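What follows is chain A paired twice: with chain B in the first complex and chain C in the second.
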Partner chain A sequence: MSSDTITARRPGALLQRRRAEAAGWLFVSPAVLLFLVFVAGPFVFAIALAFLEWDLLTPPEFVGLANFEQLFTDPELPQVLWNTFVFAFASIVTHLVLGLLLALAVNNLISRSIGYFARVAIFFPFLISWAAVSLLWKYVLDPTFGYVGQYAAMLGIELPNFLADPAWALPSIIVIDLWHTVGFTFIIMLAGLQTVPSELVEAARTDGATGRQIFWNVTLPLMSPTLFFATIITFIGAFQIFDPIQIITKGGPQGSTTTIIMYLYEKGFQAFDMGYAAAVALLVFVIIMGVTLLQFIGRRRWVHES
Partner chain B sequence: MHKRMKGLAKAAAVIAAAALLMTGCTAGGGGGGGGAEGSPDSGDLSFVYMGDADQQKAFNALFAEFNKEYPDIKLKAVGIPSGNWATFSTTVATRLAGGQKIDIIQVATEGQRLFASKGILTDLAPYIEQDQEVVDDYWADLSPNLVKFNEEYASGPDGETVFIPGGFNTMAMYLNKSVFEKAGVPIPEDGNWTWDEFVAAGKQIKEKTGAYLTGAGSGYFVDVMPWLTTNSASTFNQDWSEPTYNTPEAVESAEFARSLVEMGLAPKPGGQFDGNTAFKQGKLATLNGGRWPVLGVRDMDMVDQTVVVNWPTNTQNGSPVGWDAWNITKNSENKQAAWTFIKFLMSKEAGEYFATIGGTIVPARESVANSEAFTGNAPEGTVRLSEAMGWATPIPSIDQGAEAQKVIEEAWGTIVAGQGEAQPTLDAAQDKLESLVSE
Partner chain C sequence: MTTIPQARPMPSDDLLATLEKTGRRKSRRRTPGGVAVDIVLVVFGIVMIAPLVWLIVQSLTVPEFAFASPPSWLPIPFTFENFADVLDYMPFFQQFGNSLLLAAVSTAGALIFSILAAYAFARIDFRGSRLLLVVMLSALMVPAQLVIIPIFIMMRQVGLVDTLASLWLPALINVFQIFFLSQYFKTIPRELDEAARIDGAGHLWILFRMLVPLSAPAIAALAILGFEASWNGYFGPLIFLSSPENMTLPLGLVTLQNGFGAAPAVVVFAAITMVVLPLLIVFLAFQRQIVESVASTGLKG
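Presenting the complex of A and B:
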């Protein structure tokens, strides 16, 4: 091919390449637009907001780092962070353990139809809105009319006032959250279990490994990427818990269920302190990013990369 | 490194630009002045009010009446089903901050001082002057207390009139006649009874019918304030400058509310108690409320089976009162049309119509509150709701209203649920309220 031919073809090729590029941009533009409007835009806005004092009704004022300084002197924040970490930690442990156990149980079911029923039954609560779930549990745990209390009374057991007792409110929310969302973890675990090559399990069995040995030495290591994914997803979701707390306890009793997002909402939309609320939002971002980074760093030690 | 610095510089520039943009922006109704007078008979109007689906139905019928009279005013009414006034105020503020144009906001006592203090509402003096006769007629028909409270608690920063008061709500008790009859407990004839008589009635009802006497909630307006005001207490002093939530009287009130649960006269708090259903089934002897329970009573077909009486007293008759009020925002582009709409809301015809179709407030005009429009198809003794204005205390609502409400309700809830002694719990709440006031 002579250099003249290349020169003659170049404008056409360039046009074609530009058209292809434009088509590519057009294809991704809805996603890019949504990202800019709902993620990048609000993120930049939140950073800017954190440097201002703004009550929504009067013009904002630039206050420098005052809102960030307040993060270190706010007497309520440590308790709020403690509640959130307790909830997140409990959520990860309970979801992973129960999700995995349920997945193992369903995976080992001999009857296929019972297996399908179990999958639907376990996953179903996850499809119900948080508002409905919260109201349902408020009825269930009502100390006078709730059936948990009534059945316990029939057995002569006196239960605590779960949602009004500061010692029991957060554990109750943890259990409610587990009931509602463990189906999602279960599905992830089940999918992970089904990626474990059956020939490896068979080989281990042929070598005389017991069921427990197969689980600890074959299944679990091969499931580790799934467990890693579930850990990250559960932590991020748990750290942002809001709906059930707002509906069931409103952060009470005595602040025992106020989590960081609940606190952020209170500061922004009840105290009209949007600047400080933005600073809290950035703190949430930093914590979630930090913990996720730590998890990624730690994955080398326990996640089996095949 | 150089590239990274460039990236950081760009990011900083974006953030600085956003900050500058934001410091330049003002809330929708905010800033100073602006807006336009427009025509009194035409134009677009945006009106925001609090109302759930049932209340919106009644409001929409009222707005249709308005449009019959003023077909060229296009009224866009937005009902916000926020459940409480603190949340409503926040929602409206958020909408204003988002740049939404709102001409008239219906604000209740809980948000009036906050909105008035922000300088976003028009001084209504020129409009009042322009229709002095109409306003005088309205003012003359209001309870003197309502006029006084509106001036005392809802004026602008320089004492200007920024709100026209509308309907109000006080607190009373709706008694289930058949439960009282079954238990052989007489219903207080003049509508008055004491805490002791209330407890005695409750014990007899419990013994004879098994029904609960009352609910045990911690709602600021519906639970906390009635027990406080009937014992000469309140959450704040008269000008709301100092909290008074841990006075001996307040402590006594909270202990009394707790004792109702301890005696088994009220179900334990901490779950979901459906008062209306229990009332209908004869498992609850009283419903607490202002005008709003009347919708439920009608739906349950229990109007003839219900009597409204005053809240039981320890030292004096008492009730909180909260009232709706209308204003015109400073940036309204149709202030004259907005005033036309407010005049319509002040009219006797509108008041009667709204009361008839199921408005959940006591009409501001006494002539309407005492008329068949309000008392018809309503339980016997309904007029006591408007009489309660005579001894009512405006619901204390500081600028940090939502935060204060949370503190008040949480402390009360702790005591009623038996999770804390009254005195130390209210002392702790008092400290928090003091710090809110001093902010």
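Presenting the complex of A and C:
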């Protein structure tokens, strides 16, 4: 029973109730005000923008559904969406597999010094800004400046010019993103592994299960809530990839690395076509919501609920 | 960037402590397979840090000898000159200060408003509170890039473009923090509030003298993540800031490399090193807290 139901029986309860109401709204009012100005207001404004043509210099003009028509007939958009989904899919697979393998390896280590070294080496890149990471990798993968190409040349192997080759640019960004972000997935997986009760693993071992059987039949199912969470959060992050692309390739060569947020940036903040950029942003919103919803629907099929 | 709420149970013990404890408890024999895993992890770790070692080595090498083939992993001939040159190409310390100010104001400001709102949602039964929380939470699905367009137009109208205020003002509202903290406050027994109230304590005393100290680990985790996100942010500064003296470090670094009169590669590397090295020291000193804040909130910036 809460304090309010107790006091409600006493005289003067109404006054007290009113006071609680006032206090509640008083405490949330700064947050609500900020929410209206910087979240809800702009959200409504963005929807309205999608029906306008506005370059911020001349007065806005109402154009009805023209921006959405443009969205569905834009010849560049299929390539942009393809790039984005390829990146997101590759990102989910590589991060989850590598993150889980690394977490399993570190979790079973005996040597504490190796554990410390591995944890620092895997996690630290995640804390470095994308700006620094992108600039560094631009040189690492450069055929003349970078050590990757230099070692390959010493071995007589001729590597492609990764960031300038339309076939290799997106895979390169995928590798750079893996280097930068796998530490995050690794930590989430490591935390997830701690939720697997060791008694269950021991019980399976006593029953004669091999390491492989234990992994597939005990550890992995019990890890499924963590895997689910990691899948969703990796998808949302990957779908909005922007920083390394804007810094390293600017969407090129030949549009091979233009992802949807890069496209939105070009339309909104380089071409200043605010209405169309808002329509693209709404598309991003709908796709992310849709895919997340699908994942929650599919959740029942593979996520183990204890 | 977008975050989604996840009401994960806070681990009672921190992750690294648990790891080390289990490590000690394990009485595992050294199998050939175990040794192979050791070797693979060490090699993988070396591959992960190789770009960073290479970065620092080049930044300490005399320009004509940097980026030599075969790659050199020692700074020979050695020089500090590249670091001095950074200051000729960018206002490094000004931008460092901007980043620090922006991160401090965004983090502290957002936390204060989040704590106040979380208290109301967790402890005061006021009409409409549930609906309000649901509306605010649904905003977590809205991508940052959608609202940044109208915010940019707003900031232009009020003349705040190219100021740090255009970045920290929108950062003051953080719905994830409000949700996370109100969930955390709910785990603290309400009887404590009742006892304090009988002793004559008001809402503010209960919140700031009791709930906040009891929630210190959660607040610290949110502070670390908030600071990290703001310190490393690129999209916002790219859109709002244009003069070098107003830029934050990430934007300053990128501008250094592709602006007019772009700096030589060694100078760019020296500047990156000046950003990465302090970060490494902070990370090694506060590794436990940083790893724990990521593990407990599962928040990706």
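What we mean here is this: the second predicted complex is superposed on the first by the 273 of 306 C-alpha atoms of A that agree within 3 Å, B and C clash if a C-alpha of one lies under 4 Å from a C-alpha of the other, contacts with A are read in each partner's own complex, and residues count from 1 in each chain.
Keep in mind that, in the parts below, a contact is a pair of C-beta atoms (placed from the backbone, for glycine too) under 8 Å apart; a residue touches a chain by one contact, two chains touch by 3 or more.
As the structure is a computational prediction, the values presented were derived from the model and not from experiment.
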| item | value |
| --- | --- |
| Touching partner for A:Phe45 - first (chain B), second (chain C), both, neither | both |
| Chain A residues touched by each partner, larger count belonging to chain B or chain C | C |
| Partner chain in contact with A:Ile297 - chain B first, chain C second, else both or neither | neither |
| Which of chain B and chain C A:Ala164 touches, first, second, both or neither | first |
| First, second, both or neither for A:Ile232, with chain B first and chain C second | second |
| Which superposed partner A:Leu264 touches (first chain B, second chain C, both, neither) | second |
| Contacts of A:Leu155 with chain B and chain C, given as first, second, both or neither | neither |
| Chain C-contacting residues of chain A that also contact chain B | 45, 49, 56, 135, 139, 144-145, 269 |
| Residues of chain C that touch chain A when the two form their complex | 1-2, 4, 6, 8, 11, 15-16, 18-20, 22-23, 26, 28, 30, 34, 37-38, 40-42, 44-46, 48-52, 54-55, 67, 69-71, 113-114, 116-117, 119-121, 124-127, 129, 132, 135-136, 139, 141-154, 156, 169-170, 172-173, 175, 178, 190, 194, 197, 203, 228, 231-235, 238-239, 249-251, 253-254, 257, 265, 268-269, 272, 275-276, 279-280, 283-284, 287, 290-291, 294-296, 298, 300 |
| Chain B - residues contacting chain A, complex | 14-16, 18-19, 21-27, 29-31, 86, 90, 93-94, 96-97, 114-115, 118-120, 267-273, 400, 402-403, 406, 410, 413-414, 417-420 |
| Touching residues (chain side chain A, partner chain C) in the complex | 2-4, 20-21, 23-28, 30-32, 34-35, 38-43, 45-46, 49, 56, 102, 105-112, 114-115, 117-132, 134-137, 139-140, 144-145, 147, 150-151, 153-154, 179, 181, 184, 187-188, 190-191, 194, 198, 229, 232-233, 236-237, 240, 242-243, 246-247, 261, 264-265, 268-269, 274, 277-278, 281-282, 284-285, 288-289, 292 |
| Contact footprint of chain B on chain A as seen in their complex | 44-45, 47-49, 51-52, 54-62, 135, 138-139, 141-146, 161-166, 250-255, 266, 269-272 |
